[in-house]
C-alpha cells in the first residue's frame, strides 16, 4: 500500500540557496511520523516544501497524487493541515473566527458544527475563550488554537512544526496526549517536527533524522530511540 | 518598504571582458562627461535647452534621492523646495537686482534651512504619514505663492519674468549654451559632493537609518540629527536646482510648481534607480524626454490627441517599472552581475519590511 | 449660530464623500500596505461611465447600480492584470505604477469625454421632503447613501465568510493560504470593492463639483488625509476621519482663512495632528518588534 505522503529526492531553496539536498520521506496512512534534527537541519523547510511555501524540486505525492505546480492553498484543499512554526494564528481575530477560517473551504455545515464541538471537547479552554481576541491567548492556548484550526479543515494529514515550542512541560504532555487521541480516533495521520526528540519518539511510530538538509537515518521509533548515536546526540544520555 | 541597497565602498574584484567593473564605471563616466561637453555645440538651441533641463532636474533628483533612496524618508513634496528655490532667485533678481548667479547659493541655503526645519516635525512621521505631510507641502506651496497678500513680492498668479542672461566675459557662446555650461558647472561638484557624502560615515548612517532605525540608534547614530540634516541637504540640492531652473526657463509662476512636479521627481528617482548617484541622471533623462516622446507618439495617433500624451506616459511608466522595477541603475547592476556570473562581494540585498 | 451649524452640516456632507474615498483607500491599504493614488481618477472615470449610461437613456438608480458593478469588475481586472505583476517589486515601483494608472485614467477620460464640464444628475430632487434648513436634499441623500455603503461594507466584513476570509488574507496572507484561502483573489476582491466605493464617492460628488476629469484631485487628498487622521489601519477610524476632514475644511474656510487658503489651513491642521499623534486619532500605535 502506498504511503499517504511520499517525497522523493525533494530539494528546497531559499532564494538561490539550497537547504534540502534530495530528501526521501514517507508517512503511512494512520501513522505518526516524527522528523528529528538539530536547529537548522531543514525540518521546517521540509514541511514548507510539502506545502509549496518555498521553491522546491523533486517529487511530492499526497494520497497518490503528485503535488507539482500546486499552490499552497491548493495543497491544503487536498486535505493537508499545516500547523506552522510560530503557530500562525490570526492574532487580530477571535478564537471563533480563527476556527471558522479553518473550515473556510468546507461546504458541509452540519459536519463543521460537529467539528467545532469536537475541537472544544479536546480543548475546553478554547470554548471558554471563544470570543476572545486570539492574540491575547497564552502560548499554550495559541498552540491549541493552531492545532484546532488545522483540524477544522478535516485533514487527512496533519503537519505539525514544533508543537512543543515555548510551552510548559505539563502543557506539552497534554497536547501530545490529545494528538495521540486525534490520531487514534479520527485516523488523522501526522508528521511532527520536533526538537524535543524524547517526546516525539514516544508519540511516533516511525521517525526520520535530518541533518543539514539530508536524511541520515530512518526507521521505527523504537529502533531510533535505541540507537547509540541518536541517544547521545539528541536524547542526552 | 523594499529597497535595494548596496553595501557601499567595498573593493570589487569582478571582471567583464577583461576589465574590472570599476574601470568600466570610469569609462562610462568619461564618456558621459565627453558627451556632455560636446552636446551644446552640435545640438540645436532647443535640444541644448532640454539637456540643460536634464542637468537641472538631475540636481533636484540627486537631492530627493539622498532623502528617499539613501535615507528612506519618502517625500512627495520636493516640488515645494524646487519652487522655493526658483522664487528666491526670481524675487532677488526682480526686486533687488542681485545678479542671477549669486542667487543660486542663496536659494540653496534658504531651502537648506526650510528643509531642516521641516525635517524636525517630520521626524515624528513615518512612511505614509510623511508622504502625506510632504504631499500637503507640495500642494500648499503654490497656493501660498498665489496668495494675494504676498503678490507684491511673488507676482501672484502671473508670476515673475526674468531676462535670459547672456554669456559673460564675452565668451563665444550663445545664451542657451552658456546656461548649459553654467548648470553643468554647478552639477558636477554637487554630484561629486553627494558621492562623497554617501560613501562617508554620514552616508552609512543615513543608510543604516533607512534599513533599520532601531539598530542604528543602538549603535550610536543620532537618528534625529541625521534625518533632519538629510532633509536639509536634500532640500538644498533641490532648491539650487529650482533656482537654476528658474534662470534657464526665465519665468516662475505658481502653477508651474504643482503637485505634478513632485510626482515627476518621485517617478524620476524610481525610474533612475533609488540610492544611486547615476540614477539621478537617468531619472532626469526620463522626466525630460519621455513626456516628449509621449507627445510624439500621440501625434502619430492623431485627433483629439490633446489628452492622450499623459495616457501614453502612464503606459510607458508602467512598462518601464515592469521591465526595471529597481530602476535603470538596478537593472544595469543585475545585468552586470549576470554577465559576471558569480555573486561578488558587492551583493544586492533586498530588504522587505 | 445658524451659520455655524450650516457649515458643520455642510462639512458632514462633503465629509461623507471623503469618508467613502477614505474607505476605498483603506480597503486596499489593509491588504497591501499601499495607498492607491489612482483611486480618485478611477472614481472619476466610473462617474463618467455612469454619465454615459444616463445619457444613453438609463434611469438614475439602474445606472448607479450598473456603474457599481462595472467599477467592481474593473477594480478586480486592474488588480489581476496591472498590479499583480508588481507584488514582489519594491514599494516605490508600485507607487509609480499608481501614478501611471492615474495619468492613464485622467487622460482617457479627457480623451473620450472631452474636458468640457458636464452636469451630473442627482437622484435627490431639489424640492424633496427631506431637505432641511441645513442640508439640501442632495446633501442629505448623499450622507444617507454614504452611511448605507459603510453599513453594507461593515456587515459584509463582519458577518459573511468571504468577508472574514478577506480580513484574514489582509492580516496574514501566509496563514490564510494554510486554511485554503486563495489570497490573490482576495486582493482582487479588495480592489473591486474599493473601486465600487470610489464610484459611489464620485457619483455623489459630481452633482456638486461638476463632472470634469480633474474633479477628484482635491477629494482624493482629503480622503487620504481623513484616512490617515483616523488611522489608516482602522477602517471606521478612517471613515470618521473623512467626516472630520469635511467639517474641518468647511470651518477653516468659513471662519479662519476664507476659501483661498482653506486647503492650506486644513492640511496644516491635519499634519499638525499627525505630528502629535503619529498613528492617527484612532489608529493602533505603531509598535515595532525589534
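We call the chains A, B and C, going by the order they appear; numbering starts again at 1 in every chain.
Everything that follows uses one rule, which is that a contact is a pair of C-beta atoms (placed from the backbone, for glycine too) under 8 Å apart; a residue touches a chain by one contact, two chains touch by 3 or more.
Only a predicted model underlies this, so the values are computations on that prediction, with no experimental measurement involved.
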{"item": "Touch-based graph of the chains, sorted into line, ring, star, complete or other", "value": "line"}
{"item": "Remotest chain, chain A as reference, centres from CA atoms", "value": "B"}
{"item": "Chain closest to the assembly centre - both centres taken as Cα means", "value": "C"}
{"item": "Mean-CA-position distance for chain B and chain A (Å)", "value": "52"}
{"item": "Gap in Å, rounded to a whole number, between the CA centres of chain C and chain B", "value": "32"}
{"item": "Chain A and chain C, separation of their C-alpha mean positions in angstrom", "value": "43"}
{"item": "Two or more partner chains touched - positions in chain B", "value": "none"}
{"item": "Residue list for chain C, restricted to those that touch at least two other chains", "value": "none"}
{"item": "Residue numbers of chain A (touch at least two other chains)", "value": "none"}
{"item": "Complex contacts: residues of chain B adjacent to chain C", "value": "1-4, 68, 74, 121, 124-126, 128-129, 131-133, 135-136, 139-140, 143-144, 146-148, 214, 263, 266-267, 270-271, 274, 304-311, 313-318, 321-322, 325-326"}
{"item": "Footprint of chain C on chain A - complex, ascending", "value": "51, 53, 71-73, 76-77, 81-82, 84, 88-93, 97, 100-102, 104-105, 149-150, 153"}
{"item": "Chain C residues within the chain B interface of the complex", "value": "35, 82, 85-86, 89-93, 95-97, 99-104, 106-111, 114-115, 213, 221, 224-225, 228, 232, 260-261, 263-264, 267-268, 270-271, 274-276, 278, 286, 288, 290"}
{"item": "Touching residues on chain C, where the partner in the complex is chain A", "value": "161, 164-165, 167-168, 171-172, 174-183"}
